[in-house]
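Some structures are shown below for you to check.
First subunit A sits with subunit B, and in the next complex the same chain sits with subunit C.
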Partner chain A sequence: MSDAVSPLNGAKYEGFVTVKAMGLQGMITFRGDLSAAKVKKAVKTVAGTDMPGQRECHMSGDTGVAWMSPDELLIFVPYADVDAKLDELHKALEGQHFLAVNVSDARAMFHLEGNGAREVIAKLSPVDMSPNAFGPGEIRRTRLAQIPAAFWMPDTTSVQIVCFRSVAEYGFNLLKTAAEPGSEVGMFA
Partner chain B sequence: MLILTCPCCGVAGEETEFAAGGEAHLKRFGPGSDDDQFHDYLFMKENPKGVHLERWRHANGCGKWFLAARNTVTMEVYGTYAAQTYEPPKEIKDKISAKVPGWSWREFS
Partner chain C sequence: MSTRLATGGRLIDRAKTVEFTFNGKRLKGRAGDTLASALLANDQMLVGRSFKYHRPRGIVASGGEEPNALMNMGEDARFEPNQRATTTELFEGLTCKSQNHFPSLEFDVGAINTRLSRFLPAGFYYKMFIHPRSFWKHVYEPFIRKSAGLGKAPRDRDQDTYEHFYAFTDVLVIGGGVAGLQAARAAAETGAKVMLIEQTADWGGRAMVDGGTVDGEPVDKFVQKILSELQEMSNVTLRTRMMGAGVYDHGYVLGYERVNDHQPDALGPRHRLWRIRAAQTITATGAIERPISFAGNDIPGVMLASAVRDYVVNFGVSAGDRTVVVTNNDDAYRTAFALKEQGLDVPAIIDARVLPQDSVLMAQAKAQGIRVIMGHGIAGVKGGKRVTGVQLCSQAGEGAVLEDIACDVVAMSGGWSPVVHLWSHCGGKLNWDEANAMFRPDVYKAPMGDAGEAFVSTAGAANGHFGLGDLLEDAHAAGLAAATATGAKAPKGFDAPKGITVEEAPIQPIWLMPQGAGPKKRMKAWLDYQNDVKVSDVQLAAQEGYESVEHAKRYTTLGMATDQGKLSNINGLAILSDALNQPIPQTGTTTFRPPYTPISMSSIAGEARGEIFQPLRKTVLHDWHEENGAFFEPVGAWRRPYCYQQSGESVKDAVIREIDGTRNSLALLDASTLGKIIVKGPDAGKFLDMMYTNMMSTLKPGKCRYGLMCGENGFLIDDGVVVRLDEETFLCHTTTGGAESIHGHMEDWLQCEWWDWKVYTANVTEQYAQIAVVGPNARNALARLTKDDISNDALPFMGFKDIELDGIPCRAYRISFSGELSYEIAVPASYGRALWDKLRAVGAEYDVTYYGTEGLHVMRAEKGFIMIGDETDGTVIPQDLNMQWAISKKKEDFLGKRAQERSHMADPNRWKLVGLETVDGSVLPEGAYAVADGENANGQRNTQGRVTSTYYSPTLKRGIAMGLVHNGPDRMGEVIDFPKVDGTVVQAKIVDQVFYDKDGEKQNV
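Up next is the complex of A and B:
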């Protein structure tokens, strides 16, 4: 079998924050009735965390669940386990109306690390990034300049971004430009 | 610039995160209707100076459709509400009445 490779193969940029293209991450997009007890239970067994509430994101390492819309979740699992986890989901939810698809290779993920991480996002998205408006535990689906993206904060100085693989390079270039040394605004410092 | 609050995901986002979808509360006339009805459905759209009810989609977000009541002159947004409604909810109508007494939009006022 051919080797799976992440879109930018671990590219890295050191600006006033570190921009890193992340490696392979298993992702399952799930659609269904999120309030159903069966669904809650199945998601918990697969992802290991509770069902997130509106715009919440429960992540620990490379597993977790993010709330994408009133009927959609993005489930994170280790890349190698995706097929097994999908089988598990299908088995647990047999007879239920739902959809679960492996989208691991259709997404790109970036990681921003540094004190200016909020600022880099604020330059590119129409989102209030002040610490009292957005923080760890939340996910925000929005746009990054011209492409759709979603991001969350694993801790107060880092941001994780997920976007479509087809626009991975555009996304990386955007983040690089926004993180260029000397372009700090100091808005949230 | 409009600031709309998506009733589906609760995000208060600015205009560029959303996509406008034309007039709200359209009654569709398709097969079985006569030519005049179909013509009116297709072409006779409201284009008011003032209170307007519109469809919007949270395109760069949760992707859901919703309806919004706003003013095309002052750019004020009176409120947003679920797409699965036949008329604007009472609190939004009251809010509009408080700002624009005697307003009307198609059959609503």
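Up next is the complex of A and C:
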């Protein structure tokens, strides 16, 4: 395991919020019929949570499930467990039409911490970040300036973001720029 | 002279002096000043020169409509031209220079143009510079370019930062005057989410200067009260220094926030561009006063009446000691009162109207002892760089001078035009209000949303309501209507505050003063101060047949300057209407386009500059490449090593060394960028049979097959190796640039056409680092890292196998793009660097080299493999490349099949792929054409082929190329001519395209 390196290897920036590059996170792209009872059951067994509704995510630490589209989920499991969890899914859904692949290494993940976390995102993503429109339990699959990204709020003052690994540096620098001291907007205060 | 008064100035702090520099002169202002008020306080009325005639120009206005006071602002990395002094808040250390003059503002040689103005009428440039034709490019254009533009272009990189912000609201109110405040207050009472933006730093708008009574209290008390109420409401966002720049479809509005223009050294961005989605937008943008067209109305000291009183009331600055007011309406009388209150002299109010009885304001003026001259106008203004007096005449006559009145300021008012720009941006229509002589929004023809409902409304002066009574009621109703349109409920018993409307006598439209002004006067009556357009120019345009207002605008340049005609448009089109003898609404307005006033280019770019100008995609080995001399080239958004240069080595030599190393022993290539798409499901085989020209459903699990992909029109769009992982699962490799587009292409067909097929896809390109281990020693090197059997029997050519390399689980594909023994090793990206380092370690014994994309290209060309983008250009079909072997004849259908059967596609005369070998061994130029005998219908030399790929082959030690040639495959051995741009000709022999190891023995060992 010591051979595996996460994108940006733990980079960190202290602005008006803290920006951190996170370590390796297991992620499975799942596509299938999300309304099927068997699928719901299999997903619950693997991720320990109920099927999320549209634009929702059910997260608890490094496990959980996020809704990505009407036939797609992003399942979060510990990095070391991905293969085992994929096996579990394949066993549980044998004979069903679905797709489940490991995408853990294709992603970079960032964590924003601080009262201004919503503002940092609102500078980069065309998403209504006001507390009455978005908060914990929801996910947005959108863009961060010029790259695709998705994010959710583990709690009311932090945001977790995933983007593609090849643009991890761009993503981190974007967040860093948006979090520069003095650029607070005061919109969601 | 203009100066600071002893008292007054509600916006300035007299205790705080602020130093600034104008044209190198050190001057002093007060905190709270605008640059314009500070210049006036220092008796600097002359602020620039006009564009065409270099006429002296003074400050005319006090806001965003100012046409003259444009500055080259700041220095070096903060330099910016055309900055409006009237909207620039003064700060310590501000430096600015006036524009468009040489050698100095006071003495300008270009001013000779004004003497020549008789010879420089409207359309002069069009008439003059068309003959002789050849002069345009070499004489006229360079000359005009040099004299074009007011300010200087910046030289240095902008040192400030900029950003965007996405905001969402139910109701957006643009404009923080009393109407905007009341509209916001009413909308907020319903509980709707409200955002109110104001372009200046202060709330209350004109009412703060003009005064009035609301609910029995002075209007400034009302503003204070409503503002504090709004500040308390959690559903309301208030922003100052933020202009509504543009209104677009679907309730999209741009807000331009000048965060730090007034404190350039503060932390944070200079500008912030707000990208707002508003369910409803209310434009409470007020109104702009119009100048009056009389001879000499451009001489410094002639100002808008409202601006003259703004400077007195807001900044305690008088524009001069003696002010003559000239007007066609009652409002300008307020300027006289404001001046009188400060003890300044008002020799006369010249009112062009003849009224049966005095209005309230007239009576007040007379009671104060001001001379009010009705039915008169100004025949001419005396003075050059500064007004010294006016000549009185009868408005009805031709301008016979009745009396000279000495003064140093002329405060003019031709009436008010509602600011309808934002209303109009998205299609809101206007009505001509005859009684008030103004265009106002036609509320029945508002900008419409997707459901045919209005999404923009307007309130207050912007809607043509000027008295506080009507205005507040209008704004209140607009606020409630906008909020309820978003689904909020109107509260009961919530009424508009009661404002008092002062009774005013009606305006009389005056488009030319005096009414019968002759040609000489009309040539000195300015409409557009910045672009030097006069009444005579617009009349000439009409005379020459420019009947459409849009044509007349472009012919005369009326309203085309950086102020976009905020002062000149209505006056100009009234003159045009008069000349065409048609009513004003028939002439109409020109189109109002965003932005309302210019916004910085940097704010549009936002954060996208420097290292985050655009995303660069980097593989997990990128750092290693960088540390090892990689010479990068862009491939899509990726940066891939073209080659690795050793110290003192040229790019060409590096490529040769890399190819030799690969062919002779062992080399590594970072192939991670290749697209990888998983296609899974019971119908996956059937689906891939449609996507590729060849048969994929028959591929055995564990095997690889090269495939071609065409679009519906039959042209090649991508190629790559397809791997069958199991019965239901395929892995499709695409080109580097094709990963996202091909994935999108697949999903398009699956979602829109074959939605009932059971297939899912996933783009896993970035999940894997892929390293090609290439060369005769590839197997030997790999064997040192694994116990797994990787022999030719266990892992044959075009097979794959899961193996472990020194503890790292990998998948090894026996595929080759170089013609050598080759394994492409895929590992989870997180292990990519570790695997690379292990391969380097075992490779050392075999003198491992690392090769880049150029080595890859040359080696594939030596093998005669095609490259998407080289051999294909969107017009090439597989048959052109002699790849019939990859087109299944058994399949009923595939994308492109029918297209390829069309007559032009099946034409035997299509150019076909061959190899080209230069007779002298040189390298053919890229893209060179082979010539044929004769000329075509256009007199151009006929051609018979072109080069698609050309390289120096280190393996063959000569130039090799591929190209498409007419009947090429049937002409082996024939020599054809490729002329070069230097006039010489390269001869090349048509040969087989495979130059190296035709039987593929090297890759299959």
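Everything that follows uses one rule, which is that the second predicted complex is superposed on the first by the 187 of 189 C-alpha atoms of A that agree within 3 Å, B and C clash if a C-alpha of one lies under 4 Å from a C-alpha of the other, contacts with A are read in each partner's own complex, and residues count from 1 in each chain.
Basically, a residue touches a chain if its C-beta (ideal position, glycine included) is under 8 Å from a C-beta of that chain, and two chains touch if they have at least 3 such contacts.
Note that the coordinates shown come from a computational prediction; the quantities given were computed from them, not determined experimentally.
Colleague: Considering only the touch criterion stated at the top, classify A:A145 as touching first (subunit B), second (subunit C), both, or neither.
Modeller: Touch partner of A:A145: subunit C, not subunit B.
Colleague: Once the structures are superposed on A, label A:M68 by its partner contacts, choosing first (subunit B), second (subunit C), both or neither.
Modeller: The first partner, subunit B, only.
Colleague: Looking only at contacts as defined up top, I'd like to know whether subunit B or subunit C touches more of subunit A.
Modeller: The partner that reaches more residues of subunit A in the superposed model: C.
Colleague: Just checking: does A:P126 make contact with subunit B only, subunit C only, both, or neither of them? Give me first, second, both or neither.
Modeller: both
Colleague: Quick one: is A:R55 in contact with subunit B, with subunit C, with both, or with neither? Answer first, second, both or neither.
Modeller: After superposition on chain A, A:R55 lies in contact with subunit B alone.
Colleague: State whether A:D3 touches subunit B only (first), subunit C only (second), both chains, or neither.
Modeller: The answer is second: A:D3 touches subunit C but not subunit B.
Colleague: Is A:V185 contacted by the first partner subunit B, the second partner subunit C, both or neither?
Modeller: Only subunit C is touched by A:V185; subunit B is not.
Colleague: Do any residues of subunit A touch both subunit B and subunit C, and if so, which are they?
Modeller: Overlap of subunit B and subunit C footprints on subunit A: residues 126-127.
Colleague: For a test of understanding, state which residues of subunit C touch subunit A in their complex under the given definition.
Modeller: Touching subunit A from subunit C are residues 161, 163-168, 193, 237, 266-269, 272, 275, 277, 606-608, 611-612, 614-620, 637-638, 678, 680-682, 758, 760-762, 764-768, 807-808, 828-831, 833-835.
Colleague: Given the complex with subunit C, which residues does subunit A contribute to the contact?
Modeller: Where subunit A meets subunit C, its residues are 3-6, 24, 29, 31-32, 71, 97-99, 101-107, 119, 122-130, 133, 145-147, 164-171, 173-174, 177-178, 180-185, 187.
Colleague: In the complex formed with subunit A, which residues of subunit B make contact?
Modeller: By the definition above, subunit B touches subunit A via 8-11, 13-14, 16-17, 59-64.
Colleague: Help me check something: in the complex, which residues belonging to subunit A touch subunit B?
Modeller: Answer in residue numbers: 54-55, 68-70, 72, 126-127, 140-143, 148.
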